[in-house]
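Okay, got some structures for you below.
There are two complexes below, and they share chain A, which is joined by chain B in the first and by chain C in the second.
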Partner chain A sequence: MSLLDVVGVHKRFRSGTGVVRAVNGVSFAIPEGEVLGIIGESGSGKSTVARIAVGLMPPDEGTVVFDGRDLSTMSGRERRTLRTSIGIVFQEPFASLDPRRTALESVLEPLEVQRPGRAAACGRTSAAREALSRVGLGPDLQERYPGRLSGGEQQRVGIARAIVTRPRLVLLDEPTSALDRSIRGDILDLLGSIQREEGLTYCLISHDVETINHLSDRVLVMYRGEVVESGPTDDVLDSPRHPYTQALLSARLPLDPRAELPVLPLPAERPAGGSRCPFFERCHRAAAECTAGPIPVVECAPGHRVACAGLDLPR
Partner chain B sequence: MTNDAVLSISDLSVHYELARGTSAEALSGAHLDVGRGRVHGLVGGSGSGKSSLIKAVLGLSAHNARVSGRIDFAGAGDLLRCSAKELRRLRGSQIGYIGQDGAGSLHPLMTVGAQFRTFFRQHRVPGSRARHLARAAECLSEVGMPDPEAVLRQYPFQLSGGMAQRVVIAIATALSPALVLADEPTSALDLTVQRRVLDLLAGLRADRGLGILLITHDLGVVAHYCDEVTVLHRGRVVESGPVREVFADPRDPYTRALLRRPGAPEPAPPAGREGR
Partner chain C sequence: MTSVTHRPTGRSSSLARARRRARIQLWGSVAVIATLVLYPYLFGWTLEPFSTDAARVLEPPSAQHWFGTDRVGADLLSRTLWAGRTDLPLTLAATLLALVIGAPFGAWFGYSARLGERMMRLIDAFQALPLLILILALVALSGGKAYMIVVAIVLYAAPSFVRVVRSEVLAVSTARYVEAARAYGVSTPRILIRHVLPNVTEIILAQAALIAASAFLAISSLSFLGVGVAPPTPTWGGMIADSVSALISGIWWPTLFPGLAVFVNVVCFNLIANAIRSTGRSGELS
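And then the complex of A and B:
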């Protein structure tokens, strides 16, 4: 059974000029101990899906089931318990920490919710110190305020705070994109080793193929609020089938200056509407099949699903 | 200054004077050359001093900044000794600037056509309204804009991020500058649009012999679009050279950390050097 089940979730936002369909019928499951990566560009709805999945935001339609319990029917008390079973690491480490609490105090905070009372104070402090050491922050750094920590150290505090309650699921929302490039690898390695050692389940949100590739077992590719392709990370990244995934991957710039860049497929410019495919307007492969009706989801390899009507068409 | 350099920065330092006689050093003894028809990548994290460097080149340093050294610009001599009036003339016409946020660098209440006209008038480009607009349309089609006449009538909010950035590039290169400062020109754009904008800049460089100083934190961009690279870290140039050489054999620990892939072991410091 999956630890997290997201079924047919929709979310719309009202904007000045109309309604934005941020998430449009997204379903996925994360089995315990697995890392699911959600990749997409800005506006793809990946962060909204993640927020719904961890109960930070209710969906307009659809259900989220965590550990066998439907989030929408939970009582307030159950929700508070849920908060300690789900850790969240945010994109902006400095903005997500209280500037007037030391690293240790910040990490203690979720424990005070989970295990309140004076009697547990001693245990809380040792648990918080242990979590901070686990993320590589020694005793001298534990007493510092966020303003006296580097960006990487701040994010380490954020990670300690997310794992200190021993959660079963951790949401990582762009955990390295606000950090200096030089420490990205260290933070990703740390997240990977914590996941393996604790047998944690991760939901990782990122726009960066490298990050997703490094940590995820499975990947979900989102475009304009819909999942266009999903499957085992190696399958999807090595042999992408959806035209959008192909465009996304061929736009990557490898670090090796001698590596030849793949030819970018030219994006089409079609008028909106006419197809239920979210990528129709820009797709370089669109054909008559795309406007014929619902877009079929094809399983092209075990667990590798693609939402595309033009899959078998010649390129 | 070498003969083919458009921009030659030598021993550039920037201090900021703070309260009670204290000061903070943002940039210390930086050297950097941008050749004609070359793209020079400038890499550095926050606090590396790259913003101080760009502002010094543009003559837009903060009031409390103390700038020393030389910034030689082709045909104009040392920019640090130019008058405010002279700098105003150079900016826009001889030195183009492309910022991170295309739509944000355009006036929100003016059509694209009106922005071009304001720009042309500012730089005393002769011609009637119709001549200016025709020239603007030419500039837009040179940056690959489909239907330039329609774009001239549009407001920035009607443009996508990639389109807005093309408009900014069209304005920045309209008067055939010798140098363009591109400050994270693609980091606000979607990945699939990024390469098109970079291809466009690379094309302009090749066609017009433009020198480009490309500020970026993306080493992939440097690897494929730059000829030379300078790495700034905490106000100092820690590494510089031709891209292929620096990427094949990075010497400084900070550069090596930038180039490290997650999962790969910490590379051993090259022989004869101590890791920090």
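And then the complex of A and C:
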């Protein structure tokens, strides 16, 4: 059984000019001990899906089941336990740490929710110190305020705070996008080794193909609030089938600077034309089939699903 | 990870120097204002603000009268120092009262964003009125009682506090670290006490010092215009108004010294605001 089951989730936001359908019928499951990567461009709804999945935001439709319990029917007390069984690493390490609390105090905070009371104070402190050491922050850095830590060190504090309660699931919301390239690798390696050692389950949100490739077992490609392709990371990244995934991957720069860029043309947006495919307006392969009815989800390899009506059509 | 960790001494010493400078600014300015308030109370016996001498009218500064004498022959040093016991306590009382009244409303409007948005438009409209003139009318009509000045200045300053506290609470309560605390299940009262309050107090105190400066100027303007504290009780504004016509005949001392007192106080309030702002935020002074 999966640790997390997200079934048919929808979320709409009211904006100034109308209603934005941020998430439009997304379903996925994360088995215990696996890393699921969700990739997509800004505004694709990946962060909203993640926030719904960890119960920070209720869905308009659909259900989220964590560890066999439906989030919408949880009691207040169960919710509180849920908050400490899911760790979250935020996108902006500096902004997500209170500037007036030391690294140690920030890491202690979730523990105080999990194990309240004065009697447990000693155990909490040693657990927090242990988590900070685990992410590579020694005793002298533990007493520092966030303003006196580097970006990478701040994110290590964020990671320590996420794992200190020994959560079942950790949500990584763009964990490296605010960091210098030179530190990204270190942080990703750290996240990977923690996951392997503790047998943790990750839900990783990113717009960066390399980050996803580095950590995830399976990947979900989102576009305009819908899942367009999903499957084992190697499958999806090596042989993408959906035109959007292909365009996304072709935007990567090759390692060899002399290599020719395989540019995939993204046509200028064409009128919606009544298709139910979210990518129809920008697809280079759009055809009559795309406007014919519901978009079929095709399983083209074991576990590799693509939502595209034009799959069998010649390019 | 950068040079910071390799040379901690260089950075922390410049940080310490900046902090020391801010501390000197803060406590120096507080000392000046406290001296001006307390001197007439503690050493009032050294001053003769009310004794006049018709034989020694408008004398320039001398060894006997350091600041000279005014047009009824009263010692200007005594009067300048004595004025501190009316002008400054009025300023402090009015600012404090405005803070106590304005801050809870500000916090409220900061939390309930929708209501806050509407109430702020009301306050905008109120602040668009020519307040000093309204206050002038209010104080004049009431016959110049001291408490009316406080009421008027509170009306003048409280909206500023509502605005400042609201914007700070709004900023902090939508900050990522508050969101993070909520995500980890920290209760609302605890978030307020632990994250919101400590992160807003300093800025609000700094703003309070600035508002005190403008309240002080407003009080001085009122007494310059002759509304407010009745003569012969000396006020800085009143003393300037009293001798401003003499300035034309080259008699500078009766206006210079109270003017300097006003100037020094405004500078001190501003320095306090500046120092509070720069000592705060443990991490951000870098």
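A few points about this structure:
Here is the rule we use: the second predicted complex is superposed on the first by the 309 of 315 C-alpha atoms of A that agree within 3 Å, B and C clash if a C-alpha of one lies under 4 Å from a C-alpha of the other, contacts with A are read in each partner's own complex, and residues count from 1 in each chain.
Basically, a residue touches a chain if its C-beta (ideal position, glycine included) is under 8 Å from a C-beta of that chain, and two chains touch if they have at least 3 such contacts.
Just so it is clear, the model here is predicted, and its values are computed rather than measured.
In the overlay built on the shared chain, the residue A:183 is in contact with chain B and with chain C. Of the two partner chains, neither chain B nor chain C is touched by A:2.
In the superposition on chain A, contact is made by A:153 with chain C only, not with chain B. In the superposition on chain A, A:100 makes contact with chain C only, not with chain B. Contacts of A:113 after superposition on the shared chain: chain C is touched, whereas chain B is not. Once chain A of one complex is fitted onto chain A of the other, the partner contacts of A:291 are absent, as it touches neither chain B nor chain C. Under the contact criterion defined above, the residues of chain A that touch both chain B in one complex and chain C in the other are 151, 183. Residue ranges of chain B in contact with chain A, taken from their complex: 45-46, 146, 190-192, 194-196, 217-221, 223-224, 243-244, 247, 254, 257-264. Every residue of chain C that touches chain A in the complex is listed here, in rising order: 1-2, 4-5, 175-177, 179-181, 183-186, 194-195, 198-199, 281-286. For chain A in complex with chain B, the touching residues are 41-42, 151, 180-185, 188-189, 192, 207, 210-211, 214, 247-248, 251-259, 261, 264, 267, 269.
Those residues of chain A lying in contact with chain C across their complex are 54, 56, 79-80, 83-84, 88, 90, 92, 95-101, 109-110, 112-113, 145-148, 150-153, 161, 183.
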